[in-house]
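Heads up, the next two complexes both have subunit A, just with different partners, subunit B and then subunit C.
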Partner chain A sequence: MKALFVEYRKQRHLSVWLIPLVFLAVLFLWGMAGQRNLSDYDLAQGYSYLLYQLPLLNCILMPTMLSVIASRICDMEVKGQTWKLLFTLQNKGSFYDWKFLTEFLYLLLFCLGQLGVLLLYGILYGYTEPLPAMLFLRHLAATLTAGYAVLTLQHILSLLSTNQIIPLLVGLAGSFLGLFSEFFPSALARFVLWGYFGAFVPYGIHWNKETEEVLLIPREFPTGLFAGFCVFTILFYLLCRHIFIRKEL
Partner chain B sequence: MLHLTINAENRKLKGSVIWIACFLIPVIPAVMGTFNYWMNQAILTGEWYSLWSQLTLFYALFFYAPLVALYCSYLWRLEHLEHNWNVLMTLPVPVRDIFFGKLYVIVKVTLITQLWLFLLFCLCGKLVGFQGFPPVTILAWTLRGTAAALAIGAFQLLLSMCIRSFAIPIGLALIGSIIGFLLSNFSKSLSYAFPYALMLLGMNSNSYEDRMTDQLIPFLVSTLTFFLLFCGIGILILKKRDVKA
Partner chain C sequence: METVIETNALTKCYHGKNAVEDLDLFVPKGSIYGFLGPNGAGKSTTMKMLLGLAKPSRGKVIILGKTMDGKNRLSVLKDTGSLIESPAYYGHLSGRDNLLLIASLKQVPEKQVDDVLRIVRLTDQQQKKVSHYSLGMKQRLGLAAALLGYPSLLLLDEPTNGLDPAGIQEMRELICTLPQKYGMTILVSSHLLAEIDQMATHVGIIDKGILIFQDRLDILHEHSRPGIRLRTTDNEMACRLLAQNGMPVQWEDDALYLNSHSDSDVLQVGHLLYSMNIGLLRIEEKQTSLEDIFLSLVGRQ
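Then we have the complex of A and B:
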């Protein structure tokens, strides 16, 4: 815990919490743009429709947001060239883990904030759909897991790059690839790490041309895929941690 | 003196990672946009125009401005390291030349990015079997999008100059792009008052018909106004504010 406290001391004037907060505000604005002229039918599936839309938005926003958070937090040791001194005081593995945890807490803040935004819409626009608590939890778990995997990549890249253009470039390319993977056949999309924000979306969609209504078709939660992805993220984290510990800085 | 600062900035770009961004990022929308076009040929019947819409749809909406922001952050990166601000500000060079030297390089790299995207578009068109050459109007849209980058380039250069973090201006550019997209959907006239929306309008993404046939003048006036405004603010800050090295 002392190491976590030290990490927060280092970030005192960086205002990193503003990054997820500003992205949440943008998310809120985006959602608001789609909340005009809501019919009774729209209100009856208000939460579900947003839960269908959010993963796509996350594909665009989250890779870049996570690259900015990781770069902002890891940049200080890179810029200050304080590695040698730092590792005489703190174990490399512990440093890696606690720094990652501070980044992960911002990710958690963003994900919980998303649920808050959904609830806020429900209150502001008077959704008649009962609160789908299970789908909320499912969305939280899926977003956190995908975010964890992407953050692992951004964390190691930000720590190992003396020039922060590389992690930021990967973050931008990730947003692009994640977004496009949404339009790929699902088997192909599963090879794109950033596409996992949209892999566990709880609904499919059918557009009725005659009534101009959007029909949401519930999807089974892909438990096997999710379990496999969880195992992958843990192994990926351990691999990146191993690379960092072995690397001469 | 300006040509000396341009030479210095150009020298910084030799063998730099910025070229990876310049040549790699446009490949993603080219490959994926073409793939998307290929999968939906039944409904996308406008040939070159349809392919253009698929290539530039997300590029112009969300990634063009962050890419320019990445270039700008990279150009100011050296100044933010060590005590380089002190060195820069004690050089016998007018600050406006420092700012314009960097801006010139940003515009050059952006133009190369845009022409590379257009070249990829031509190659992809040939790959999917289109006859002849793409319409000249699409080249005009590409260059119009580059003109919009003048305003964004000046603004991002200003942000990267003031914000010491490499990453924050890039995040802000993504947020700006999204707000620009929302504004352009909400009201077209409001879009001219927001610099990030100009890129979207200039590139004419996701549309077969030119949405700006009768509005080229407001677009150019808006671009020029933002360009002059941000350059002015940037130079004024360089002149008046004490550096934090």
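Then we have the complex of A and C:
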């Protein structure tokens, strides 16, 4: 815990918490734009419709946000050339893990904030749909897991890059790739790390031309894919950690 | 003699080439050990291996009586402080905040931060952001961080690098006071002989990864005892004659060197040369500087 306390102490004056907050504000404003002239039909599937849209939005927002968070937190070590001092005081593995944990807590904050935004809409606009608690949890688990994988990549890139423009560019490219992977054949889309924000979306969609209504078709949660992705995420983290530990100063 | 650092055949190999080769370092307790060598000689690599920041390809490191390995590295280093190459700092934080961070990691009382700030004379600038510090102030902050916990051993890699003359003088004075005041042993590396000459009690000279000299500084100074340079009309014959008569003489670079400075020896040389009818063309006093010794040791005359 001491190492976690030290990590937060390092972040004084950096206002890293502002990053997820700004992205949440963007999310909130985007959501507000879609909440005008809601019919009874829309209100009856208010949460579900947002839960259908959010993963797609996360494909765009989260890679960029995570690259900014990781870069902001890791850059101070790169700029200050602190490695040679730090690694005489703490071991590399512990440094890597605790720093990642601080970044992950911002991701968690954002994901919980996202659910908070959904609840806020429900209250503000009077959704008549009962709160789909299970779908909320599914969304949280899927977003956190995909976020964990992308953050792992951004974390190692930010720690190893002397110029933070590289991880930031990777984050931006990830946002585009993640979005476009939605249009790839599903077998190919599984190879795009950033596309996993949208891989566990709980609904399909059907557009009824005559009534001009959106019909949400529930989807089975792809448990096998999710389990496989969780295993990949853990292995990917361990691999990146190993690369960092093995790198000599 | 009790040693604080001891290495045994310490070797570091990069891409099949030895950056440090079979290094046997002995740093006695309470000494200021000057680790001297030209740029790229292997000083920083050695320092990194001593701190476990680089893994030796071969050999052993014993610090404060404990053999260091991958597992006990941090516990062995608990009683050491270091400043390697450039000072480490968080530019967005104040000098004081930087030291508080290190104090947390070293698990030393925060009160010590005030003490080390005073030692390195940064008390007045402690609230300033480190990004606004001059290089000299950053170096002093790095030294303050190394001093936290008053370790028994301090490793300083080129601590005066990039400092102006006043900064160099200040840093040097600071380092010299530490063994007496706090009982520390200091290993300080430099490529500047004059700097080591003014600080160190012991010296190790490394070149191309090989330790070519290691002893007390006064022993190195003994190499620089004065002599007399002679030029005669027949150096070859004069050399033979003087050597036969037991004079400490050698023939080098078209001149004779008499490794003695005593008046009686000079007088005797004069007599002997006169007796054999050898003309004396020049006679000069020659002082071998520490610089000359260093250069001759590293083979760069």
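What we mean here is this: the second predicted complex is superposed on the first by the 249 of 249 C-alpha atoms of A that agree within 3 Å, B and C clash if a C-alpha of one lies under 4 Å from a C-alpha of the other, contacts with A are read in each partner's own complex, and residues count from 1 in each chain.
Keep this in mind: a residue touches a chain if its C-beta (ideal position, glycine included) is under 8 Å from a C-beta of that chain, and two chains touch if they have at least 3 such contacts.
Keep in mind the model is a prediction, meaning the values are calculated, not measured.
S.K.: Between subunit B and subunit C, point out the one touching more subunit A residues.
M.R.: Looking at subunit B versus subunit C, the one contacting more residues of subunit A is B.
S.K.: A:248 contacts which: subunit B (first), subunit C (second), both, neither?
M.R.: second
S.K.: In the superposed arrangement, which partner chain does A:79 touch: subunit B (first), subunit C (second), both, or neither?
M.R.: In the superposition, A:79 contacts both subunit B and subunit C.
S.K.: For A:9 in the superposed arrangement: first (subunit B), second (subunit C), both or neither?
M.R.: After superposing on A, A:9 lies in contact with subunit C but is clear of subunit B.
S.K.: Please indicate which partner A:191 is in contact with in the superposed arrangement: first for subunit B, second for subunit C, both, or neither.
M.R.: Neither: A:191 stays clear of subunit B and subunit C.
S.K.: Identify the partner contact of A:71: answer first if only subunit B is touched, second if only subunit C is, both if each is, neither if none is.
M.R.: In the superposition, A:71 touches subunit B alone.
S.K.: Using the touch definition from the top, say if A:91 reaches subunit B (first), subunit C (second), both or neither.
M.R.: second
S.K.: On subunit A, what residues does subunit B touch that subunit C touches as well?
M.R.: Touching subunit B and subunit C on subunit A: residues 79.
S.K.: Can you check the complex and tell me which residues of subunit A touch subunit C?
M.R.: Residues of subunit A touching subunit C: 2-3, 5-6, 9-10, 12-14, 76, 79-91, 248-249.
S.K.: Mind pulling up the subunit B residues that touch subunit A in the complex?
M.R.: 17-18, 20-21, 24-25, 28-29, 32-33, 35-36, 39, 58, 62-63, 66-67, 70, 73-74, 77, 81, 165-168, 170-171, 174-175, 178-179, 182, 185-186
S.K.: Sort out for me which residues of subunit C touch subunit A in the complex.
M.R.: Touch residues, subunit C against subunit A: 48, 51-55, 73-74, 77, 80, 82, 84-93, 97, 100-102, 104-107, 142, 145.
S.K.: How about subunit A: which of its residues touch subunit B in the complex?
M.R.: For this pair, the touching residues of subunit A are 19, 22-23, 26, 29-30, 33, 60-61, 64-65, 67-68, 71-72, 75, 79, 163-166, 168-169, 172-173, 175-177, 179-180, 183-184.
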